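Below: a set of structures, written as C-alpha cells.
Okay, so chain A shows up in both of these, paired with chain B first and chain C after.
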Partner chain A sequence: MLERLKKLLSGLFGNKDQIKLGIYGPPNTGKTTLANRISEEFTGEEMGSASEVPHETRAVQKKEKVDLKSDGKEISMNLLDMPGISTKVDYKEFVDHGIDEDEAKVRSKEATKGVVEAIKWLDKVDAVLVVFDSTDDPYTQVNVTILGNLEAKDIPIILVANKTDLEEADPESIKDAFPQYNFTQISAKEKENMDDLYRKIVENV
Partner chain B sequence: MAKKKKNKDGVKIEFLSKLRLQEKAFEDKLDMIMDGVKDENILVLEEALTPQEKTQLIEKSMEECDEDFPGIEFSGFDARENWIEKILGTITGKPQKNGLLIVGSSDVMEKVEEDKDAISMIAKLE
Partner chain C sequence: MPHKCLNCGKTLEEESDELMEGCSNCGQKLFVFEGDKSLSDKDRDTIVQDVEEFMENLEEEEEAKKRLKEAMEFDLESIKVEEPGVYEINLRKLLEEIPLIVEMKEGEYYIYLPSAFSKDRKNIRIDDLV
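Let's look at the complex of A and B:
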C-alpha cells in the first residue's frame, strides 16, 4: 500500500517522463548483452562489456534517455543493467576461469557489493525485465524471490527467455514455471525476436 | 575471520519448530540463520519466508560473504494463505507463514534442485 502511495505521489509531483527499466536476473543469463542490444538499437551506443565469466557486471550500469519505439508508440526510459543476483559468490569460481587469485578475491568482493546494490534498486525501478538463460532450470529461489518481490511492489514484469539460439534451450519451461507473467523469448546475441520484446515493453511498461 | 572447523562426524541438521520461530522478530531469525549456516549447519525452519524476507536473507549473506564464507543455498515451500488466514493475519498483525525453509552454507549444500512441490539437495560431507 505504501509503495503504491509513494509511486502515485511520485507520479503527481516527480519527473516520471523517464521510466526506470531494470534488467534483473541471475548471473550469466545475458543481461548485459540484452542491455547492449536495446541501447545500440535506440541510442547507437552499447552499455557495458559482456563476458562468460560470471559477475562481469559488478555495479549498476545506466543508460539515460533511451527512446524505445515500437508499433508507432514510444517510451522514454533510463535503462539499468543490474549485477546478477546470486546467493553465493566464491572467489574460486573466478580462479577456475583463469583469473589470478588476488584479482579473483577483489572481484568476488565487488560482486557481493553489486548484488546488494541490485537488491536496493528493487525499490527504485518502475518496471523490470527478468532475464532467464533458456538452457537453465528456471525454478530457482533467486528467480522466485526476485519475482515475488516485484509482484509485492506492483512493479510491471516481463519475463525474457534469452539464449534461444542454443540447441538445448527450453524457453517453454520458463513460461510453464511462471505462467502468470508477460513472457517473450529472444536471442539477444543473435538479435532474434527483439521486435516482440520491444512491443511488449511499450505495451506493458 | 578464521575458518571454522567442520564437524568431522558429518553435517549437523537443525530443525526449528514454528512455535520457536513465532517468538522471534525477523531480525533475530536472520541473525540465528546466519550464525547457524556460518557454523556449517543446515537449518530446517517450519516456516516460510516472504519474498521481502528472502531478499533480506540474500542481502545479509552477501554482506557477510568473504573468502571463508561464500554464501548460502536455500530452498523451501511457500504455502499460499487462504482467505481465513489472510484475515487472521491482518487482525493479529502476524501473517500466517505456512511452509518450510531449508538453508545452509553453499560450502555444505552443494546443489539444490527444486520444483513447486519437491526439493532435493546434496550435502557435502567433507
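Let's look at the complex of A and C:
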C-alpha cells in the first residue's frame, strides 16, 4: 500500500513520463543487441557491447530519455539492459571461450553479482521485456521464475522471441509455453519485425 | 472396575491417582482398563506389544518431522560457492528479498547484512564475502 502510494506520489511530482523499461532474460539471448537496436533507432547511439561470450553484460546498463515513437504515439523511457539471469555461473564456460583462468574467475564473480543486481532492479522497473533465444527450450527454471515474479508484482511484460533469423528458431514454442503474455518475435541482429515490438511497447507499457 | 499396570501387573483402585502419576510399584504409565474380566498374560503381552509399536511409530514420525524442519531451516543460501569461480544461484531465495546469504562451503554461511537493510543498495560487494 505504502509502496503504491509512493509510486503514485513520485508519478505526480517526479518525472512521470520516464518509464523504466527493463530488458531481462537468460544470458546470451540477445538483450544487449536488442537494447542497442532500440537505443540506436531513437537516440542514434548504441548502449553496450554485445558478445557471443555469455554474461558479457555484468552490470546494469542505462540509457536515459529514449523517446520511442510508433503509430503516432510516443513514450519516453529509461532503457535498462540487465545482466543475464542464470542459476549457475561457472568460470569454465569463459575458459571455453578462450579467456584465461584468472580472468574467467573474476568474470564469474562479476556475473554472479550481476544476477543479484538485476533481481534487485525488479523492484524499480515499470515494465519489462523478457528476451528469449528462439532456438532454446523456453521451459526453464529461470524463465518460469522470472515471469512468475513479474506477474506477482503486476509489472507489464512483453515476451520477445529473439534470433528468428536463425534456421533452427522456433518462436511459436515460446508463445505456446506462455500464452497469457503479450508476445512478439524479432531478430534484433537483422532488425526484423522491430516495428511490431515498438508498437507493442507503446500499446502495453 | 480397575486398571492394571501393563508392566508389573499391579491392579489399581478405581480413579487412582496412579493413573496420572504412574504405577506406585514400578513407575510405568501404561495401564489397561480391565473391566469385569481379568486380563490373561497372553492378552497383556499383545497389548504391550501393540502399545510399544504405536509409540515407536510416533517417535519415528516425530524424528521425520524434526529432520524435515532442520532441512528447511538450513535451505538458506541464495548463492553457493561450489569452488572459486563456480557459483550456484538460488533465484527463488534472491527474489524473496531475504538478506543475501552465501554458503562458502558445506555448512559455512555468510550473511551480507547491508542487503538485509537496504533494498535500494545497488552495489552488492560479493568481494566482501569471497
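The rule we apply is simple: the second predicted complex is superposed on the first by the 192 of 205 C-alpha atoms of A that agree within 3 Å, B and C clash if a C-alpha of one lies under 4 Å from a C-alpha of the other, contacts with A are read in each partner's own complex, and residues count from 1 in each chain.
Going forward, a contact is a pair of C-beta atoms (placed from the backbone, for glycine too) under 8 Å apart; a residue touches a chain by one contact, two chains touch by 3 or more.
The shown structure was predicted, so the numbers you read here are calculated from the model rather than taken from an experiment.
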Open item on the list: Taking chain A as the common reference, can chain B and chain C both be placed on it without clashing, or not? Answer clash or fit.
Closed with: clash
Task: Touching partner for A:Asp67 - first (chain B), second (chain C), both, neither - done: neither
- [ ] Quick one: classify A:Asp123 as touching chain B (first), chain C (second), both or neither.
- [x] second
Task: First (chain B), second (chain C), both or neither touched by A:Asp137 - done: first
Open item on the list: Let me test your reading of the model: by the given contact rule, A:Thr145 touches which partner, first (chain B), second (chain C), both or neither?
Closed with: both
Task: Segment of chain C that clashes with chain B, given the candidates 21-29, 39-47 or 75-83 - done: 75-83
Task: Set of chain A residues, in rising order, touched by both chain B and chain C - done: 85-92, 105, 108, 112-113, 115-116, 119, 122, 141-142, 145, 149
- [ ] Provide the residue numbers of chain B that touch chain A in the complex, in ascending order.
- [x] 50-52, 54-55, 58-59, 61-63, 65, 67, 70-76, 78, 106, 112-116
Task: Touch list for chain C against partner chain A, complex - done: 78-79, 84-92, 94-95, 100, 119, 121-122, 124-127, 130
Open item on the list: Going by the contact rule set out above, which residues of chain A touch chain C in the complex?
Closed with: 60, 85-92, 104-105, 108-109, 112-113, 115-117, 119-120, 122-123, 141-142, 145-146, 149
- [ ] Under the touch definition given earlier, write down the residues of chain A that touch chain B in their complex.
- [x] 85-92, 105, 108, 112-113, 115-116, 119, 122, 137, 139-142, 144-145, 147-149, 151-152
